[in-house]
Every structure is written in structure tokens, then in C-alpha cells.
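One chain, chain A, appears in both complexes that follow, with chain B as partner in the first and chain C in the second.
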Partner chain A sequence: MKKYALFLGCTVPVRAQHYELSARNVAKELNIEFADMKDASCCGFPLKAVDAETSLLLAARNIGIASKMNLDLITLCNSCTAMLSDAQKQMKNIEYSLNSEVKDIKGQVGNYKINVQTRSRGVIECNNCGKCINVCPVEVDDEGKKRKAIYYVPTYPDMHAIDYDTCTKCGECIKVCQGKIELDHKITEKEISAGAVVLATGLNWYDVSKVEEYGYHRLDGVMTTIEFERAVASGQLKPNKVVIIYCVGSRDSKHLPYCSKICCFLGLKEAKLIKDRFPDTQVYIVAMDMRSYGTFEYFYNKLRELGVSFIKGKPSEVFKRNGNLVVRTEDLYTNELLEIEADTVVLSSGFVPDNPTFDKLGIKLNGDFPVLFENAGLGNTALPRGIFTAGSATFPSGVRDTLIDARKAAFSVLSLFKHDKIETKQPNAQINEDLCSVCRMCIGTCPYNAVSIVDDKIKVNEELCMGCGICSITCPSYAIQLEGFNPRGLFNQIRTLIKKGDILALLCRWSAYNATDKAAYDKYSYPENVKIIRVPCSSAVDPSHVMLALLSGAKGILIGGCYPDACHYAKGNFRARAREQMLKLNLDLLGFNKNIVRLEWIGKDEANKFVEIVEKMNK
Partner chain B sequence: MAKPLVAFYWCASCGGCEETVVDLAEDILKVVDAVDIRLWPVALDFKRADVEAMADKSLAVSFINGAIRTSEQEEMAKLLRKKSELVVAFGACSHLGGIPGLANVANKKEIFETAYKMTRSTVNPKGVFPKTVTEIPQGKLTLPEFYDTVKTLDQTIDVDYYLPGCAPPPDLIMQAVTAILEGKLPPKGSVLTVDKALCETCPLNKSKPDKLAIKEIKRISEVIHDPEKCFLAEGIICLGPATRGGCGERCINANMPCRGCFGPTKEVKDMGAKFLSSLASIIDVDDEKEIEKIAESVFDPIGLFYMYTLPSSILRRKQGV
Partner chain C sequence: MIDLKNADPHFKWETIKKEGGKGLLKCFGCSDCAASCPVRYFDERYNPRKIIRLTLLGMKNEVLSSPFLWFCAHCHACTERCPQGIMVADLINAIKNYAVEQGYCPEAYKLQLDLLKRLGRLYEVEDFDLKKRQRLGLPPTDKTIPEVAKIVEYTNIIKYANSKPQVPNTNQDDSSCQEKMEKE
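Right after this comes the complex of A and B.
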């Protein structure tokens, strides 16, 4: 007898009971048994037009119920059939590679090749009976917690695994296993082709040993949050007096300049963990500020009620006295200097991005999270078009923010499907191989790692190229050129534009050029001998252009760029600064006043600054 | 058939270009076999009057080395132009201005002050300077006029081809002579070497890291350089990326960085400005003060960036004098 889970949906029980009756009768004749689905819900179809995602989730849930019953599913309604089969089809397109590591990603939007290395976990099929653990003869001390060489891993997929570092391959587990175990540790590699990549790789803790004054590694009892949780969970540690130090390395120009946003709450969680397990333990939280934004404030107040002491300050050091740890700190609430004795000090550190993954994609983070490059309103132009980030890969995020961010990433991927063809959004740099000598000056200077050597030739990755033009001015042979930005054309432009006594303003299109627009809008006036040429970036100004303008009689040359930290192309303005400095050395020796060339940082709304500068230059 | 007539002439130069003709070794016999040399002040006794007596365009080719610094050089260049079918600017000085061209950071007055008065080995209490005309009892003595500005050959006369280098390597000379004799010449105005920069053929290019990024600039005299490693990667300035190749990497093989005597590649007008923009681009420092410091650590910027090319650069000379 064949058995199916019967999914009724909403219409059949309410308006078409005769469908159900006849189906059941027919099934009986065909020797088919129906099993009822207890918690089945709406198939999702009625919601499809309103909220595609929720409707899909509902359908998936129903399929999940049937699969938990180990049965295939039958439905009597054509809408349910459509919805459920659609959901199943979509779920089938998901492929997991667990226990895996991305070795290498190559390509561009629409055509990524991802090389994935997978390590086998030893247990192939498992019903979590746990017999293997009982027979395994190898005891392992896992940072304080005792377990066997084969053990239960509570994360997805819900099953056991072999710890290959300690397994002796005695084979005892295989004898009792009802599923399937393979003792050989297999490492397999495969290549996945994909059109887009979402990085949801999370983040790393800041290395707290760099904050030397807190004595991590040097003093017993000073530990990171993770180490502390582990020690408490394993029962090794029963602290009497705990100090949790916040912002270790965070909001500190010597370490991480930013606030990692989630650590305040993590620290509160730590305090709650201690109070739940050991109500009598004294807990101190020393924090510059408590940033328990939103609903976290309830949690903070709850902990105050539980007796956790909050001290506002930044500890100057942690040291040992009479075998005890002492945290020396100020308390800005009471204006006192305190020395708190404790047996355990927990360092709640900030977070740093997961660099290796971004390195594989050739994205330079310079220690910042990719979100820091994001230019408000313009999308994340620092990332290539087929790469998206979600959750803490973007910036440290709690669950709620991660969900929002992940959804944003998913929709960004979906938006790629709108196009039959992908057009690169920026003008690209192009190589003239007749002139290129592969001298590699362009490779090091590209802020996006878009230039590389392929088969002994310089190649530009169109996807990574953001069109700044730094390389085209760097190239000592003009062999690399930005589309629509021809240095030779600019020579002609300067030759015809600049007359004796003019001021040439070469302005970055992201900042200084907009300032001139604003100047017009705000009805500022500036001398009419100021001749403006728009350039992609202050780093796209060629010293040769400046020389030509001087030859044509310009009495001043203004190069306008973004402020140092605000360069649209990461580092372009620093390149411009270096060129300007070297150019000035030469101009000085060629009989010019050094200040005839000025590189100024002009924000896009600083019309007044622009006007002030050109008026000064005109005097 | 009569052998083609050829002239060699020198202007503001060191004589190295004459030397390199001799460096052709036994190949010079082939040249002598094939052509009839009608002017070569360093080796043969022909005079200006001999050239003046020739019919226009009767010389097949004149090889003129040295920059144009005096009125006599200018007159000779113009004379040879008139008498020659082809004029080849021979060597860096006539091609780009060369080392004598660095005098363009000063003017005649400053140079005379230094040369005839200031130098320690000079005793000139009366302050006598060279004059174009000096009257003496026996008659008039004349000297050519010394110009304020050193010019390249093509800023003085029309030039057909350029043989680059300080001095041009014998193999390129032989190639050029052969091409002229066989009439297999590239378009007028060509530099008779390869189009690409030196890095293309440099033996050290392999050792260059893919990403060039430097944090300080060093002078070759300050460090012991590993002859297997790219100079730029070590922070030692080498003009190889901005200089035409074809020289046979003579300096590199002698463990010295390129100084740019072959001049810039095809599209580049101002070699110094171009190279400085390249060099500045690989300074991997994100601090404005630090960048200023590094820039200032460049020793003798004009002498470095424009060692051979100042008169051919956009500005050509120090302004306002």
C-alpha cells in the first residue's frame, strides 16, 4: 500500500468538501493511504501577489511537514499544487557545501568560478542514536569540556561527526552504527559556477593582546568573551568577582576607530549569563558609554536590577596584586579613581572584517568593513557588481540587522535578473598593447586590484574597474587609458582654453566640481578667468597637463579633490598629493612660485571654499 | 655608381657620440666601404667651406650629435640641413637636449659667472668674459654667440630621424645605416629603436613584484643593491618604465638604474612630468605629511626626472629669466 501525506489547503475543507470525499474514495480503490498533516497551514498561494517571500515560506513549511513524516505529498487544489511545486523547485536549486572552504574565486558578474574544498565529516548518515559515543575509546579535552573523538555537533545538519585530529581509526563506532560512517578523511574539491556571490562570512574578533595594558596572555584570569563563555559552560570556571571591560580596542584611534555596534549587548549577555548561573557573583561592567539602543535598554535595566554594577570609564590598566587581578579605572559617574579587585576580567573587544575572504576577491579593505566605503545614496561602489555582502560581513550586526541586510542582498541579486546583458556602469580602463611594456606601475596603483597580469600581459578586470583614471595617469607610456578620458584630448583642451593670466581649475567630479555647481546655484561669483575642467578624480590630473597650462600662461592651477578620507576611489587623493609634491619640487627649480599649483580638498557643498581659493589665487 | 655622401657633425656634446662610431669596430669598414664621408671634424680634415661649396641636397645623410647651444652650432645645423637629403639627430643631446640641456635651469649670465669667475680654479680678477667680438691690434677676433637656452636639434632644424641614446649603441647605428643604405626607412620622425619601454626587455622585470608599492625613496649610492632585483621595487628610482627600450640594458647589466637617455615612449611629450606622476603613484603612504617628506627626499629632482630631456620638455627651461 502506498502512503501519502494529504494536504488540503483552505478551499477544500471550506468550499469543496466533495473533492476530499471523492479523493479519499478513489484512493481507497487504488490502494492508497492518506496521512493527515497535523500542523499544515495555508499553502501560500493567496499571498503570492502580496508578498512573494512569505508565500514561499508558507509553502516550504508545508513541504517540510510532509518530509518530516517521511512521505510524499498529495494536494487536491490546483493552486496549492502550483504553489507547492514551485516552492519545491526553488528549494531544489539550493546546494549546500558544509565543512567547506572557498579556496579561490575568479571571474565577474554573471560568470564566477568558485573553487570549494570540502572536508568529509566521517559520519555520512546518522539518526543521532549516540551509540558511537559510548563505544569510542578516545577521550578528548576540548578546552575544558570532555568529549569523545566522535561527538555530536549541534549545528546544521543535526548529526555526529569525527574529530580527525584525535581519531585513532579503531573502527569501534562502525560496529554499532545504524547509519553510515567512513573513517577516511576525504578532502574533495569542486568548482561552482555562479552569476553572483553573497558574502555572509561574518567577522572576527579584534586581537585583544594588542591592547597591552589589559594584560591578555600575560595575566591569568584575563580572557576574551568567547574564552569566558567556554570556561563557564564547561564548568571549569566559577568566578566570584568578574569585571567586564567594554570597548577593548574599539573607538580608539590606536586600534579600531569605529564602534562595533553589537558588543555592548554581547557584554550584557555575558553579565546575564553569570547572574543566571552564579547569582552571588559580583559583576562589574566598565564602559565608556553604554550603547544599549532600542529594546536593549530593557535588558540593561533588568541587569541593573539584578545587581550588576555599571562604571562609566575606560580602564587604564589591569595588573596583579596579591594574586588578584586589579582593574584600575576612573568612574565618571562619581568622579573617582577606582581599583577593582577581581578573579576574572573579561575583555569585550570590537570586531574586524573577515579579510581572507575579501582578499580572495581582490577587494582591499584596509582594515575597514566594506560598509565604510559605501557612499550614501550611490550604492556600494567599492564592491564589484556581482558581489554582495550580508550581515556581519558588511558590518557587525545583530540578528535583526542581519535579516534586513541579508534580504537587501537577496533582492540585489534578484535585480540582476532584470537585465539580459550586464553593462559595466563605469567607463573602463583599456590597454594599448602596442605601447604597454608590462612595467606594472599600474598594478600597484589601482585601488581596486582591477589590473593584473594575465598571460604576461596587463589586463583590466572590467568588473572591478571603477573608472578613476589613476592608472591612465600613472602609466609612463600612456598605454592604459580610461574610456572617455583621453589625456591627449585634455592637452588640446588646455591649449585652446588657457590664455595668459587664466586660472585653470581641474576639479574632481565627485566633490570640487559639484562645489562650482553649487556656487552658481548659491549665486556666488568668481573671476571669469577661472577655467574649469572636470576630471574623474584629483589623481587623474597629469603633471604634464599642469606643465602645459603653465606654458600657456596660466597664473595658477587649482586641483580640487575630495577630503583625504572621502576619496571616492579610496586613495586617489593621496596619489594626487604625492604628484603635486613632486611637481612642486620641479616647478620650484624651473622658476615658478611653488604655490602656483595648489591641490585643495573641496567638499561638494563647499562653494564658498572654492570661491575663496580662486579669488586668492587671482590676486 | 657613386657612393652616397655622408656627414658627421658635433654640436654641444661630450664626444661620446663620436666615440660610439669608432665603437662600431670592424663594422666601420663596412660603413666606409658603402659611403663617402665628406665631413667629420673629429677625424677628417674637411672644413665648413667644403660643405658650403657642395650643391644643395648633395649629402645623402647628416648625422648630427649634440644639442644646439651656440650660434655656430645653429649655423652648421642649418647648413647641413640645406645640403642633406636626410638629417638624423644622433644621440640624446641632439634628440632631447641631453646633459648639456640641464643648463636650461640657468641662463648665459649665470653660467658665465660660474664658469669664468666663481669656480675655485678660476682666477679672473678683471672679470673678463667671452665676447662675440674682441678687438686686438692685429684685428678682430670672433667667437660664436652663447645662447641662454639649449635647444634640441629639431627645435632648430627639421629632423628626419632620431638615433637615441647616450651614446647610441653600435647595433642601433648599424641598423640605421643599413636601413638608410637600403632605403627601408620607417615614417619620418621615427625614433630608430623599439616603441615600448625598457621594462619590456629588462632582465630584472621578472623579479619585479606584481604590485609595486614603495614607502621610501633611496639613492643607489645609499644601499647595496642586489643585482638580481628590480630597482624600483627596492625604492631606488629607475626611469626604465618611462624610457624607450632598445639600448641593450647596458646600465641595468652594470647594476645601475636607468636614467632615461633613450627618451620617452611614443605618446609622451614631457618625460620628467610623466615619470614623476608614475613614481608618485606607487608611493603607498596614506599620510599627507609623510608623503611630503618622501617627495622631498628626491635628490635633485630636475637632474633626475629630466636628466636628458629638459630642453624637449613642455616648459623647456627655467622660466622668467
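Right after this comes the complex of A and C.
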């Protein structure tokens, strides 16, 4: 009996059930078995007229489901057949580079050159008989799990591989192999041209030995989650009493300030792992907070039913007493000090991004995940436009979130190349090399790490620059200017605009300036001596501009910015506030009334707030 | 029972204004300070987390009149481990400062203040000590440092130390505990 995956599409299961029924009956007579495809969606044909790429992606997804079931596919609808076979042809464009490492990435959106180094796998043909493992004389300790130098790798493609770091090239495996093994370690390099890059590199564990009070490396029996999992799975460890400590290094200003989001479930999984294998083992989970959001709450409930004890509190230290590990903490529910003696302590740590890959791209994350930069106004500003992240490269996430994120990244790439031309970003910081003295002040001040030194010259990475103008204000020799914004030009503007008794309003183009537009639409009236200048960000105003306005006879200066945490340029408004405080101190010393300078947060539709402030200043 | 009717909403803001009180609002109550505290290990009635929590709730009388507020030994074990980077020992100090301002200065500190004002040091330097220093080859020291008295008079510290609490003491633990301490 031959088996096929049955792809139904949109119309057949709803409007043409008789068709499906007859097809199933005919198949039964022909001795063909149908397997239902779970999660199969529309083939994508209806969208072909709208967006070819999207429809192909939908078709490819359905083919993927069938190939996961290891079955060929039968469709009943002619449109589906055309669409799926079309996608099948296109999918041959996919190229895998397995066992490979990205050496470096150069270029920009539309024109990336990726240098890939591929290490040979050693095993070329394989039927997974496993005889090579039995004869291999080299034993390797792979983070707690014992294996041989030739071993089964349960990923794509489904076959064994040689670990060349430990292989002695004795040739024992070749003698028993039914397939083909080449012992020579070949390293080949190739260059791939690409228009865009999707990073789906995953993440790394945080180094728990940095949290010294928990004694990792110092005390026997204190181990990380992965070590514990491997030791239990391989049967080397049979614990009697286990303490799982949560949030090791997470939510901690000295280590990782963020919550890694998935470690709570990982810890629960470890507890389940022990309880499944050794039901008599006592398991304690010590957590500051248990964050089992969504459906994971059922999992949490189940573990409580299994007898896992949950203690709320953050352990102060782990130490040894009479050969036993002791975890000292406070139980927050009873308000009492608490000590647990155990033979195994598992440290469930947070995650850090895969920094080397981001470094190769010239993206400095400073230890944060790129999603921390996500901003509703400008999107993921930490990354250049041709580079996308998916899954845990963006932020630690589970399988469900990773799938959603991967789809998002795929669609972002498709929509980027939907048009023939890509517009350049406006405005961009430009450097006048005749004036630049390479003092490097702009490098430190750029919130996006877009400024760097190349060949002893300051260079702005146009893909990373967002046009906030902070560097142009910081530059002491006025060598940086934005398209449409120049600190020197701002001096001239102020000099010519401000007459005695005027009020100068320097307004952020994202929020406060739009409020003035709204004021005009809503027919508010405000004093006519208010002179408005648009600036890219409230932090793109230097105290010297304010001083010049005061010398020109202005009776008040208003700097308008976005609300705190709503800045479009990574805390530019906080910089503006710091500058305002310093300026007020200086004004006080110089004998001015310090209240004539005001920094206000004005939202983009708060026209009435703008008018109120200006009228108050005019009095 | 904590009755929030008696809560003073200004209490936490007043504490933050004090030197060292800056990190108060960052506390998310993980109890690492309470678990690290060596004083807590000997007397469970002292609990830094409870003090910080009650301060955040604004229970001014409970916090300031409690004798346990003064148990902190300034070992900074909590400061070392606080995940939010709060200088916990300094924060407790800020609350203590505020307590003195409100008239809750313990007797021991008043005596210390007297000594400092009179001598400029906590210990009196007598002829015996000077002779001992001479014998050891150490330079002589001043017996009294009168400038300290000037500084003490310049600040409001004496006025605060000798003031009485404006609100009658409602903490029931207080009297029994002081009696107990005296007996011990």
C-alpha cells in the first residue's frame, strides 16, 4: 500500500466535500493510503496576483510539512497542483552550507559578500548502522556527555560525522563502514553574494561562574542546567535532593539586567526530568518570581502536583557543610530564614546574544540583545537595513516565538526586495574631512555605534545612522552636519530670527513640532513672537544655541521633546534634560533667571499643551 | 496588621531625598538582602527587606520607632548582592537619619554625640595613654579637639537628637524589647 500526504487546499474541504469523498474512495480501491496534513494551509494561489513571493512562501510551507512527514504529496485541486509544483521548482534555489562558519561579511543592503568556510564532515555516505561508533578508540567528554570521535549528529542530514578536533585518524571506522568515509580534513572557502542576511544564530548561556556566591567551579555538585541535563540523561547522576536556583545572573544590574524569558520553563523541565526518572528525589525550586505565562501555567500546576517544592526568594549563597551543599535563602511567604541541604544544586542562568556573529557584521550590541533597541517609531534601529534577526538571535524565545519571528524575518526580506530600487535613508550624518580633527568625541556619543575610525579617518556607517544629530552637536569643530540640519546654520538661523522680546521654540521633529502643526489645524492662536525652529531631536540643541538666543534678546527659550521612554533616538531626551540642568546652573551663575529656559515633553497631538506653555512663557 | 490608613505617602520621597536613599524605589523584594544579612542570622526580628518594604508602603511610625532599625552592622553583604544595585546599607542609614530627624534617636547615639562634642573623639585621651604612646615611640595626640564641638553646633544634629517624637510611640515590641535588652 502506497502512502501519500493529502493536500486539500481551500475549496475542496468546504465547498466540494463530495469530491474529497470520491477521491478517498477511489484511492481505497487503488490501494493508496492518505495521510492527513496537519496545519496545511492555502496553497498560495489566490495571492499570486497580489504578491508572488508571499504565495510562493505559502506553497513552500505546505511542501515543507509534507517533506517533514517524509511523504509525497497529492492534491485534488488543479490550482494547488500548479502552485505547489511551481514552488517545488523555485525551492531548488535553496543552498545549504553545513558544517560551515561565516568568516566575514562585507557590503551593504542589496550587495552583501559573505565569506563562508566549510569543514568537511568526514562521513560522505551513511546508513546510520552505528558500527563505526563501536570501533572508534577515542572517547570525548562533550560537556558532560560521553561520546566517541565519530558520532551521530541528529540534525540535517541524518547521518554520522567525525569530530576532527579529537580524531586520531586511525582508520578503524573505514574498515567497518558500509558507506563511505574520508579521513582527510578538508577546509573549503567560498564567497556568497546576497541582498539581505537573516541571522538565526541562536544564543549562548551566561557564564555562571561570574556569580561567585553560588560557587560554580568552586564546589562539587553545583552545575549548570545543560551539564545537569546531560549527566541525568546519560545515567551518571542519580540525585537524592536537588535545588534548582532560578535567575542566576538574570534581572541583576551587575550581570544581565533583563529577564531571559525562557529559563523559568527550562528549570521546570529539569524538575520534570528528575521527577520522571526518580520520583523519590526531592526537588526544590528557589525563584524570585515564577514567570510561567500563557499555557505554561498548566505545566507549573502539574509540577506542583508532582510534589516539587517552590520557594520564593533569592538565595544569598551556596556553601558546603559536612560534605553537603547548603543553599541559604529566605522564604518570602513565611518570612523565615531557610537552609536546604542537597547533593546537587542546579544553576539556571540567563542567556547572552551570540556576540561573535554580530561583531563580524560590525554591530556593537554592548551585551544586549538587538530587540532591546526595538522602537515603535523607527523599527529595529540597532541593525542595518539588509540584516534581520530571527528567533533567539533577536531575544531568547521558545519554539513558538521562534517560528513567528522567522516568518516575520522572511516577510521582511521579501518586502525589502519587492521594489526595484531602495531609497537611501534621510537624513544622514556627513563628515567634512577638512575640518575633522579626529578627536573621536562623536564615536562615544553616537547612540547607534554608527561612527567608527577607518584608516585614521572618521567614517559614518550610513546603514546604522538614524539622523539624530547628536554627533553634529557634540563635534567641537563643526565638522559633522546632517542633511537639513547644521549646528552652524542653526546659529545663523537664531541670529537672524530672534528679535528682542521673542520666544524661541526649538522643537523635536517627531513630537513637539507636530504639535504646532496640530495647533494650526485646530485653529489655536498663540502669540506671534513665538519663533519655531525644527530640530531632529531635543538632544540636538547645544547650550551655546540657547545662550546666543538669550544674547539676541529672547525672553524665553522652549525646548520641546518626546516624552521619557518615547524618544526616537535611544534616550536622546534624557541627554537633553541633563544638558538643560547644567545650563540652568550656568545661567544662575551668570545672573540670568534660570526659569527662562524650559525643557518640556510635548506629545505630537498635544497642541493645547504647547499653546499653554507658550502663553505662560509670554507673560 | 499593616493598616494603610496610617500610611504617610510622603515618607518614601523624604527617604529618597536623604543621603544614600536613592535606590529605594528599585527594590522588587527578592529577599537577597534578608538572606545575606549576618545580623538576621542571629536575630530574626531584624529584616532589612521588611524595613524597605514598610518604607515603600509609607508606614512611617512602624519603621522609625522600631528598635530593630538600629541593628544594621554595616557589613555591606546586602549591598554586594542586591540584584538591583541598591546600596542597601546606605539606604538603611538614610532611614536612620530620617528617624533621628523625627525624634527617634536612641540613647546610645546621644551619649556618643555628647562624647564627640566634649572630646572630639569617642575615647578620652588621658595622661596614661599619652605616656603609653610615648613609650611606643608614637607622636603625642591632642586631648580634645574643640573644633568638633563647633561643627556639631553648626549643624542641627543636637536639636534633632534631643527632640521628642511628634507621634506617640505605637510600636508594642519596642518597650518589651528594650526591657529585654537591658536585662541581657
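Heads up, the rule we're going with is that the second predicted complex is superposed on the first by the 359 of 619 C-alpha atoms of A that agree within 3 Å, B and C clash if a C-alpha of one lies under 4 Å from a C-alpha of the other, contacts with A are read in each partner's own complex, and residues count from 1 in each chain.
Going forward, contacts are C-beta pairs under 8 Å (C-beta built on N, C-alpha and C of every residue); 3 or more make two chains touch, one makes a residue touch a chain.
Computed from a prediction, not measured in an experiment: that's the story for all the values here.
In the superposition on chain A, A:A410 contacts neither chain B nor chain C.
In the overlay built on the shared chain, the residue A:E213 is in contact with chain C alone; chain B does not reach it. By the touch criterion defined above, A:A194 reaches neither chain B nor chain C. In the superposition on chain A, A:V135 contacts neither chain B nor chain C.
By the touch criterion stated above, A:A161 is placed in contact with neither chain B nor chain C. In the superposition on chain A, contact is made by A:I443 with chain B only, not with chain C. A count of residues in chain A touched by chain B and by chain C gives the higher number to B. When the two structures are aligned on the shared chain, A:I174 is found in touch with neither chain B nor chain C.
Looking at the shared chain after the overlay, A:A16 reaches neither chain B nor chain C.
When the two complexes are laid over each other on chain A, chain A has no residue in contact with both chain B and chain C.
Note for the complex: chain C touches chain A at residues 28-32, 34-36, 40-41, 44, 47, 49-50, 77, 81, 83-85.
Against chain A, the residues of chain B that register as touching in their complex are 105, 195-200, 205, 208-213, 240-242, 245, 264-270, 272-286, 288, 291-292, 294-296, 298, 301-302, 305-306, 313-315, 317-321.
By the touch rule above, chain A contacts chain B in their complex via residues 434-441, 443-445, 452-453, 470, 473-479, 488, 491, 539, 542-544, 546-548, 550-551, 564, 571, 574-575, 577-579, 581-586, 589-592.
Every residue of chain A that touches chain C in the complex is listed here, in rising order: 213, 247, 251-254, 288, 312-317, 328-330, 332, 335-337.
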